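Pasting the structures in now, so scroll down.
There are two complexes below, and they share chain A, which is joined by chain B in the first and by chain C in the second.
Here is the complex of A and B:
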């Protein structure tokens, strides 16, 4: 059942790599779309078979692999991973759809896209630490290639930076997993919080610290966020969609599943500090976004801010907060993907993303009115406007965290207010005013009114419209997603109590 | 079926989308307007029907589950009390009149469909706010109002002033909303339920048991009043309403009458929760007083005809704030109702003037009185309805306010009287500028407006003239005789003094800035709204911008610099090291073995 979620994309990649002859770009794109469509359809089948009332791992599959290492092929899905699998399925499809003007090596490009999708699925479904790590690393190299080969002018720098940061993150995570096995003396890498209970608090804190930094790089949290803006600015639009929408979620998923899930006791000790860290990350990301001139960098920094909410929710670890974290992952996935898509359209039509150069793009005849309208919707969703996905997620995160960490939560809310500031700057500068695509420093040139941007074809906006519909749908009817994840997230919050009870022998 | 009422507005928005997005280009955007008018008409009819029913069977409560997870239970609730339904009637009615009016006012506007889509959204959110029975839903819809205000103010987004106006409207309200969100999230965590009734019960219990620390209570109170303060354009968050006058006039009609009313209604609903926070009540009083007086004064110094009345809205809502803070919600409601209708009428006549003359500058207008009789009548009736002089709506409000404040809080009674006088002064001044005097170049050819604008204007004129009768039906108002004659005399005197002052004050179209130095300084101070925008620019805006630059510098110079430094260092050391490599395989193997041994030893040590 779940293995098909891996087999479809990996098989698709293999199929494309071995496709006989010299197929056209269009043919390869079609094959990719079919494969990714199948993958999404199969995720929906999994959704249909999933029982939301059950908080345990479901549809488990397991296969002995390398017993001596403790490496087991074991998959399972619960309310935390299923929404992310769905997001992965839809966003990879979106990013394949919006790949049109690819100039070099389309075969490799599309194959890598499918490999990433499969690896991400694997990481979300893996029930074995080593297996998770394998998939976590597997996604790294293809993404590096996607940035380094198909990226912008300064792509080498950005790709290398991305590679080094994420590789360090991988080392730390692997180190923590191995350390756990060594210190407990068993080569059992299955996912249980019980394992960590045998360790002293010092050892737990050490391992948790390594994991925190490791996943903190991936999320990214201040001060490990440095690779993200560069990677985004150099990556092409579809890659940015994937990176922001799906790959960052690996970090937050890791925080919830491995940090909170495996070290509940140590987590509870560190939580107050983590809440402050989250608030700093939120404020730093938001303030830095205000100062950006490049639209893509601005959206990238907004990711830093918005992912901070998830750490805050994880630190509070109340049922509402953790459910809010799942909501935030899904809604950030959709919203940031939407924003990157729209920025991509603007870039393609005007050749620039510079906010000091773009003006008045909402112009109804010669500008990009529809893209602009969707952009307004996207930034409002990101700023937490009710009726869209961002609001209900942020509300739940704040509502779940305020009793535990009032100060950090209030500061994070300030960050949410700052989101409105920078995104309003973006819309006001680039979309309002008189249409012009020149720096405003030169009034003579700026006075030219003969800008005539190419019309945006409906097929270019269809993926963005689909995402926008998703954002509004979750905002108006959050109950579906809530039902899907509630049992699992509530179960996660009981881990600290469970662990404490175990420690005292209460459950024995 | 009452849940349909907010949906009418939203459905109007959805129905307009095909034209607004340009998917249907044939026959122009008018069908979108007609569809919106139709659904608004249905909304008016439906709300009247429900008002009739509730009148007979008493208040009702309706609610639906929306979302529940763990201990969070969010519901959609409607409180069908007479007050809420009367407010709903006001909202839908003024929205209908405004939409008919807009059809005439925006006659040649190319994006008419977009306007109607936004107005539909606006109306739906407003209808929801006045009916909502929970703080969560009120917040939800208030934010939607913020968004639709932003889009309506930014309707003509190609103009530079509109761009800044829309930005300021959004950000000012957003500041209020974020503070309200903080209050709401805290309340949700403490009290559990978000229904106003449950919150009142919780507040009474928490107050009795002292469960809430004074600091938390005060912060909660301040958070809760911040949202309505932003919505009602109270000092110091009033700037947006003035700038919002850059938007199309039909939206200004709605904004100055019903949006501010919705904000004040939310304040009334959270009022019982402010019992923890004496400071919040004090803040309300201070803010209300400053807004009432400063708003009225600033209005007098404006030369833009729309701004002259938008500041007066700030001023009246200041009075409403005072009334709410002094526990006179009934009078506050009455004032909101009377002010809402009268202000809408004044804005309709202002819109007619602008549509006919294409001019908003008072010093370029004159002599319209004989040329535009319906507009003149509307202005006069609206103006009379706003001040306490003739026995129209606001006369009773001022009378009741003064009567209830005078024994205990004479200061606030004086504030009311002063506001009344200043408003009368402003209205008379504007009347002289616009309708009297010789015609100016821009007003020589000034026919009366087309029927689409005249019809709603005249209907509203009749309605405003009938306000006392309406008030007598809904909310038994004492007859003139029952208000003490001293109060009547005081209100009349303040109104008369204002009119006389306005009639006698020197008005010079060519030297609109006074030539007497002290007066000129005062006039400049008021005309530029106490330089509020500059103060903001120098403080908050500068602070945020500075912080952003500082953060960016930290990010680029420190964090990024460190990363790049490490990168360069490792490259440089590699360059250095490559010269020191021996090339002998044996040494490599030895190194590797030593390293492995060390690693294993360290592991042994760790395990022990």
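Here is the complex of A and C:
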């Protein structure tokens, strides 16, 4: 059943690659939309079959592959991975929908999009460390291509930087997995929690450290964030949507699944430091966002800040915090995808994302009023306004973490306040005031400019509207997602206690 | 990758005060001559004429039939209080008479010209006293209010007088603009220059029309603005109206500057430059006060020729109110042009150096003020 979540996108990519003749761009897009729609529908079937009350891996499938290497094709889903699979299905579809003005090699573009979606599904579902690594690396090259071929003017620099950072990330993760096998003396790479309890604390800390840096690059956390703003700035809008909404979640998923899940004892030791790291990341991301003049870079830095909440929650490792981390992954996926979509619309219509140049885009007649309204909704959600997804996730993360790490949580709350600061700066500069898309040199001349932006067609805002509905729906009705993940996340929080109990001679 | 048109941002050129002055003295029209301008000006003035007809009827109705009513709930219904009309009113299927009231308040507040002088005169105070005496005898609420707030009813009568005078002014202008549209369709007017001349002639003909206003109180006719006050159309109402609405205006959102705390608004009313000739056609998060109310009303009466002209440009229906406002501003420059031409102290053909100097000074005063208005719409460079 879960294999179909891989077969559909990979099969779709193959179908598109082998499609006979020279199909039109529109037809290729339609094929992609059908395939990705099918994938999302199948994700919903998986959701329907999923038992939320069961914290164990469900719907497992396995197949022996390369036994001698310990590589086994083994898939499974739980309350942590299922929401991410759903987000992947939704946002890849959104990316394909909002790909309209692709100028070269559409066949390769859409095929790569589907390969990424399949690889991400594989990474979230893999129950074998090597299989996870395989999928983790598999999405890397297509994404590099998407930035390097279809990116902005400085795309080579951004794509190479992305490749180097994530290659190092992959290297560290593989090193940690191999190290674990070497030190435990088994070549079984099955994903079984607390396999590390046979190791010395020093070895655990070493392996955990490698994983932390590896996933910290992918998340990204300060100071490994450097690749993200460049990648976003040069990537096209659909790629940014995928990058922020889905691919960063591989990092946070890795933190929870592999770092916390496999090294709970060492994790508990490092947790106070991790909480401070999270707070630093949150504050750095927020302060850096305030300083940005490019709308897309501002949203990218806000991702750095908001991903820090997940590390904070993971450090606290209380049931509420971990559930909050899942909420944060989902809500950040939706909100950042929404913001990137809207920035994309602004860029398409005005030719710039420069906050020193854009003004008054909310103008009801000549501006982009509906885009602006959705942007205000998006930034409010991001800043954690009640009634929207951001509030639920941030509140749960803070509520779950404050008793464990009050200082780090309070500092992260400051970061949440700073989100309001930079996003209000963005909205105030770009959307309020007199409409303009040129620098203000002379206020008198500026006040007389006749600005003729093309109107935004309703169909252009449909993906953004769908995401906005999702953001509000989760904000108003969070119980569904909560029920889906609660059993699994609560079970994860038992791991440190379980590890300690095992260490001290058993549970009996 | 976005493809941005070179026409994304257009900056119209602004003629200098000297250029404007020489045009006025030469008897040239300020707005550039073009077929597009002719369509815009004539058709927008036609829709404006129809809107002014409704404004005028309503202002005169308010001043005569709703006089000193403490709660004039049905003042916008022109006396037709049927459920169907009330429903249409509540459903906003109506003319924005609020715009007319804003203009009346602007005229009243800026208070220039003969009408304002009369409203502060002894004769007016005496007339008010007589009206209030009769009115308070029959109306207990007014009878209670007047001793408590002695200036209140007098101010209401001043408001009613300004309302009626503006109603009379717009009656003339409405007919003039509708006549202009007929003249253009008959082929009698075929250029911007002819438009300006037509309006000037209309203003000159109506210049000496008396402005009077009387009310019925308890079956007795009482004058508020009696004939003996000698108020006339051009000097006492039209000129103060142009001063208050075209030039000074009120500092509402949508004009270039409106921040009183930043000292951007002059404490001297005479220095105000927020009127129709200065207003930004782009609504900048304003609250729906002029000019957007007027644009909505004109949109309801837009001639098909101009409507289809708008549909072919920029965002079509999407930004039609902005385009109406741009055309309206052009037409208002034509009206101002006509008013200036009709009020030169001496004929422009005069060869007497003293008279020429007086004309020059008059043109300089106007061009100084117009040079900072939205003259970029005049298209003088193209």
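Basically, the second predicted complex is superposed on the first by the 500 of 508 C-alpha atoms of A that agree within 3 Å, B and C clash if a C-alpha of one lies under 4 Å from a C-alpha of the other, contacts with A are read in each partner's own complex, and residues count from 1 in each chain.
One rule holds for everything that comes next: a residue touches a chain if its C-beta (ideal position, glycine included) is under 8 Å from a C-beta of that chain, and two chains touch if they have at least 3 such contacts.
What you see is a predicted model, and the numbers here were worked out from it, not measured in a lab.
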item: Which of chain B and chain C A:421 touches, first, second, both or neither; value: first
item: Chain B versus chain C as contact partner of A:433, first or second or both or neither; value: both
item: Touching partner for A:67 - first (chain B), second (chain C), both, neither; value: neither
item: Touching partner for A:226 - first (chain B), second (chain C), both, neither; value: first
item: First (chain B), second (chain C), both or neither touched by A:101; value: second
item: Residue contacts on chain A - larger count, chain B or chain C; value: B
item: Touched partner set for A:364, first chain B, second chain C, both or neither; value: both
item: Intersection of the chain A residues that touch chain B with those that touch chain C; value: 360, 362-364, 432-435
item: Complex contact set, residues of chain B against chain A; value: 21-22, 66-72, 110-111, 139-141, 143-144, 146-147, 151, 154, 157-158, 160, 162-164, 166-167, 170-171, 174-175, 178, 181-182, 185-186, 188-190, 544-545, 547-552, 555, 559-560, 563, 567, 603, 606-607
item: Touching residues on chain A, where the partner in the complex is chain B; value: 161, 164, 182-183, 185, 223, 226, 284, 287-288, 290-292, 318-320, 323, 360, 362-364, 369-370, 373, 376, 380, 383, 385-387, 391-392, 395-396, 398-400, 402-403, 406, 409-410, 413-414, 416-418, 420-421, 424, 428, 431-435, 478-479, 482, 486, 490
item: Chain C residues touching chain A - in the complex, by the definition given at the top; value: 1-2, 4-5, 7-12, 14, 256, 280, 282-285, 314-315, 318-319, 321-322, 326, 372, 374, 376
item: Chain C contact footprint on chain A (complex, rising order); value: 101, 103, 152, 347-351, 360, 362-366, 432-438, 443-445, 447-455
